[in-house]
Amino acid sequence: MKAPDFTLTAGPTPASARTLNALGSQLVYHLDPTFIETFRRTTEKAQAFFRTTNDMLLLQGEGILGLEGAARSLTRPGMHVLNLVQGIYGKGMGQWLESYGCVLHEIEVAYDSAVDPDDVDAYLTAHPEIELVTIVHSETPSGTLSDCSRLGPIARRHGALTLVDALSSIGGSPFEADAWELDVCISGGQKCLGGPVGITMASVSPAAWERILSNENAPRYSYLSLIDWKVAWLENGTFPFTPSVTDVMGLEAALDAMLEEGIENSIARHAHAAAVTRAGVRAMGLELWPVSDEISGNPITAVRVPDGIVHTELSAHIRERYGVMLSTGSSAGNIIHIAHMGPTATGLYPIVGLTALGSGLRDLGVDVDLGAGVEAAMAVLSAGPVGAR
Amino acid sequence: MKAPDFTLTAGPTPASARTLNALGSQLVYHLDPTFIETFRRTTEKAQAFFRTTNDMLLLQGEGILGLEGAARSLTRPGMHVLNLVQGIYGKGMGQWLESYGCVLHEIEVAYDSAVDPDDVDAYLTAHPEIELVTIVHSETPSGTLSDCSRLGPIARRHGALTLVDALSSIGGSPFEADAWELDVCISGGQKCLGGPVGITMASVSPAAWERILSNENAPRYSYLSLIDWKVAWLENGTFPFTPSVTDVMGLEAALDAMLEEGIENSIARHAHAAAVTRAGVRAMGLELWPVSDEISGNPITAVRVPDGIVHTELSAHIRERYGVMLSTGSSAGNIIHIAHMGPTATGLYPIVGLTALGSGLRDLGVDVDLGAGVEAAMAVLSAGPVGAR
Amino acid sequence: MKAPDFTLTAGPTPASARTLNALGSQLVYHLDPTFIETFRRTTEKAQAFFRTTNDMLLLQGEGILGLEGAARSLTRPGMHVLNLVQGIYGKGMGQWLESYGCVLHEIEVAYDSAVDPDDVDAYLTAHPEIELVTIVHSETPSGTLSDCSRLGPIARRHGALTLVDALSSIGGSPFEADAWELDVCISGGQKCLGGPVGITMASVSPAAWERILSNENAPRYSYLSLIDWKVAWLENGTFPFTPSVTDVMGLEAALDAMLEEGIENSIARHAHAAAVTRAGVRAMGLELWPVSDEISGNPITAVRVPDGIVHTELSAHIRERYGVMLSTGSSAGNIIHIAHMGPTATGLYPIVGLTALGSGLRDLGVDVDLGAGVEAAMAVLSAGPVGAR
Amino acid sequence: MKAPDFTLTAGPTPASARTLNALGSQLVYHLDPTFIETFRRTTEKAQAFFRTTNDMLLLQGEGILGLEGAARSLTRPGMHVLNLVQGIYGKGMGQWLESYGCVLHEIEVAYDSAVDPDDVDAYLTAHPEIELVTIVHSETPSGTLSDCSRLGPIARRHGALTLVDALSSIGGSPFEADAWELDVCISGGQKCLGGPVGITMASVSPAAWERILSNENAPRYSYLSLIDWKVAWLENGTFPFTPSVTDVMGLEAALDAMLEEGIENSIARHAHAAAVTRAGVRAMGLELWPVSDEISGNPITAVRVPDGIVHTELSAHIRERYGVMLSTGSSAGNIIHIAHMGPTATGLYPIVGLTALGSGLRDLGVDVDLGAGVEAAMAVLSAGPVGAR
């Protein structure tokens, strides 16, 4: 099969030429003074991206490495943890926490919904023994957000730390690590940054460090260790092992582009692409997956796949027939995405996604008003900010 | 500081244009059918590189991830393990094994020497309770090899599995995973392949899988898990999490170049560059670190730094003054490398290394016969195979 | 202004990653043996692209260099030349011919039409003194073709040589230099090949060489000279001056992709994209520029801009508002293009072009049925060959 | 044959990663507003590079296009021109001038020497009918400079215009288009800029324009025309034909690097590399080609090939045996170059060149003291400015 003409997935997304050039840059030795400077600059730019002054670690693997490393570092057997579940990533965190021996508390809602912060407040009031709240800010497969702007302050007021999976939100939906009083936040390169997969950013608050450093169960001398990076990099300016030179250079370029654009502008760009896409989806006669736009993240439009059609088969058909790669809801539900994440959250890319999705559904026998979809989407697009250009 | 003119380090090494182009390729979604094909092809090419028909895993992080994942997967508290130590990576493996609760047996020699396989044979005869032998094939900081061609069969004869760190040897020094009867072998992209750092290749024999799958202590649902990759990739053709698209594409390109050149030709190229370099080092009046050429790996010439000079200061001076990055022996000893690893194991790159090292030492007050060094090196080079071109 | 999201112009077109990698390859010395081999291979691949066994020259500049060099090489003052005019490039050739002192004969038709080969046959019968027929195979600004499959044999039967501008047709519309008995054909990299601008391919038949070599007016020792390249390259394997290393490497990569796809497949791909686009244009209520589909080239859909709107203003508006670059008919008429040329002649790119054009016209007050346009285009696309993928 | 390990030629030279990234950038339409901005910026940067406020043209071909276009634009049959000849490029200019019908006056010296400006002054005094002086600032094959700092003012004082070939000098040797009162100056991308071959910069003074515009023989509507570019670009901000998008983007990147480094710093870097190389050549027992260092350009060390050895055979041997590409003196003499031009005019690259040359000569039977050569070169290098890093 040919390479796809268009990749409109919920990450990895296409990268800009600038990021690709950085990824294809000549490798340098990791202790070369220029690379150490690159690493330092990248760390600082990641802080700006998270809007935090907390310590920032660049972990050398996909986002799941950061989530596992942080979860293991923050927990110990017998510890009470409140895990918020509104999708499969939240569900998986609970399974991890149980396997680490934590006493698991969960607030779970349907995967097209969002946990109500008031319920969390009430739960924490009822359970003062809870020391940690684990949150997925953006449930990628279902395209929903949780309200971290309230969850962070609630947890802190109750004396609990927070661990936040913000892989697919930062840069596309509003996110404020410090203003929202979040302790450990994890994000990755391959989502709204349009960058490399193999690197994870993790911010750690002083309170979180205090917990981690005093935790005998926190990984040490391990690929999973946050402490190793604190000792090596933060305290001594060197590395616990060879970092992925390529991914660091790619991440810096992607962060540069983000910060030069301005995070607010990037969020607005994602929001506009979402509005265009969602108008089109509705006008085609399809249904969005999240119960409301308020809980929908900007970078992903999650669409309910009509009964009788399996999301992965739909996606495979569209890829083969139209050269467009769309991602799906995985086990979260019968969902297909039109993502507008990173470099494709602009211009006519949503039209490509709408046309591919509408035509693919039609090929499988669904009655879709493609023309109306394009018309509705273009009406929103044409009314939008010219400044997007 | 400017980027280095030359990187002659023991990894990361410079990459070829072909590999850099692959690293800078447009990102695709990891479930795109073309990427799944790329992943499968890369896996098969890695098998050819290891000379094995065993299962091959592409783990998504630096080599140390593979070593930790394998060590944790193969061991359990109370298990007897023989760890061979001839350098700092061997030493570190022993510390890991102890922390995992293993009963640690060690044969340790000076870091400029190699463990004698006969001693291993004798030790295993005396200790039939040993279930695993952990070996570093190439001790990168000290530039020495262990004789895995004998160690593998000895261990197997005694019913022990082997775990082999072959990060910096495959492709530069002879290595035969199957012919040498090695069970779990780990290598990386950033050494003789001249490829990306962020990916590790791990071969696993059927006997090793049997041990791992029956081991309750083996990591599961973890970034460290080999089992997760077996279940997801080997058995179901999918991924336990998003693999690093960039690194996989870069690794395939580097493997392609290696296999097209021919592994034997690549080894001969590295051996010739080593001979050129070592003739030059000796003629300059300097001393090689390993006690003999027989135990020296082809990709790295480890040079004893004269007394009174600190290896890292020497390296920093050369980098600043001559634009050449040389790596050092780290805590293994007062060692500096001229590496001829990957794309720089050819032509006049050794002359650059010799000139930089000789001039750097001179600047720090050491009497070095630079002219004689270049003459001796060129004598070997000129007498060598024209076919290198 | 940001870089365009989409470039759907009649050349330069976007290049594939493979071609871009070649353009970004490290420069080598032009007399390096590897470059001489590259140049030789590229020449042979260009012959396959033209479907010719005639000599092939790679001239070091944009297509106009080849046209001027060939026109000057083939003509002398007082020579009778028949120039076929169905667009502005044909018109310009006539002005050149006059300035070179030729006796100019012209058959001119409206720029939305094509010269009738029967008229040429009759003219040549009436004017046996004509020694050369100059033809534009593809009039890029107006998107029309002339019928070289008949014009070539007609001219040869009358003993006249042919000079053919095939810049924007080869690879997208059928073209056969030898089967059609064409003497001097000129094409470029930046059209259906999706390659570099700075290089021109020129095929020269034995009969044309005979004319050129005996022509005292043919440029010699000049950037315009074909003879210099014959003497230097064809006869001596060297260059009259330094060729553009970058452009040659880029052209080879673009030719490789074309020949691996198969020229027939490439033509079919362009034809299908044209059918999709033209169905959409008509259903939107717009009018195609050429009087019939039969004389329309596959790579460009030329659309008549509605009265009251100026093509360049429309194009500028679309570029600014929607991030899509469309080219225009220049002085050939009030024409805007949706090009599907080179790498964009596939999949949903035509939908992008249709949506951009329709919305842009609407913004300027034209009543366009965008939804109907997309529906009609997708109907053709969905009915088309799956093999396009 | 493999690609060269090192290219140390007098152009094309290796390009920096930054320039290669620009050359490999996605093609855009030449009338895209971003490209028009790129073209304008590049023009201004070329002015800074020439140190001129005169008009700057970016001609779309190799340097010879600029020289021919300028020579044809400035001359007419019967016009008296003084051509200064100290090498083969000067000689070739004379042949052109004669073929254009000029009355040719020449001052010619041996090709290892430089024309004495006083002789030019005297000649112009004796021949007030001379309207143009044609000068090669840097005779690439023989590595010599002419003294344009004096020739320019002399010519102007005598009322003659100057046409200067500065292809291989600007950026490496001092050059001042305005301060030296030079009228038309030509340079290219592939020399000290380490950039693309396919583009030429030409500065034109008001007096030169006056001559050109009033010259009926100046090319118009031609690839050779300067006037076409003046009318299209300078007066109307558009192009006479499609410019080579790739080459323009590559040239801008190369100019950016030059201007950010600072032209003075670049010249100092080239001068230092020349001093290193020449010390090495002499200490090896070889002879430099130019009669004095004063007339030697910084970017090229031209070495006299010992009797009995043919320069091209020597170069071919070194390329094959050592992977180093060196250029030769062509028909200017039995000369081989170690060039230190562009990105390789730094650090240990001269050592690579010296070792390759010395070893190659030795292989062919010449007694060369390679060790002494490297020692002498490193003595100069180590004593040099640290700031080179």
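Each chain carries a letter (A, B, C and D) given by its place in the written order, and its residues are counted from 1.
In this text, a residue touches a chain if its C-beta (ideal position, glycine included) is under 8 Å from a C-beta of that chain, and two chains touch if they have at least 3 such contacts.
Keep in mind it's a predicted model, so treat the numbers as computed, not measured.
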item	value
Chain whose mean Cα position lies farthest from subunit C	B
Contact-richer chain pair [B-C vs A-B]	A-B
Euclidean distance of C-alpha centroids - subunit B vs subunit D, Å	46
Approximate Å spacing (C-alpha centroids) for the pair subunit B, subunit C	53
Separation of subunit A from subunit B, taking each centre as the mean of its C-alpha atoms, in whole Å	34
Multi-chain contact residues (two or more partners), subunit A	1-2, 21, 25-26, 320
Residues of subunit C defined as touching subunit B within the complex	17, 21, 24-26
Complex contacts: residues of subunit D adjacent to subunit C	1-4, 7, 9, 11-15, 20-21, 23-34, 37, 60-65, 68-69, 95-96, 99, 190, 194, 196-199, 221-224, 241-247, 250, 316, 319, 325, 327
Touch list for subunit A against partner subunit C, complex	1-2, 5-6, 320-324, 346-349, 351-352, 355-356, 358-359, 362-363, 370-372, 374-375, 378, 381-382, 386, 389
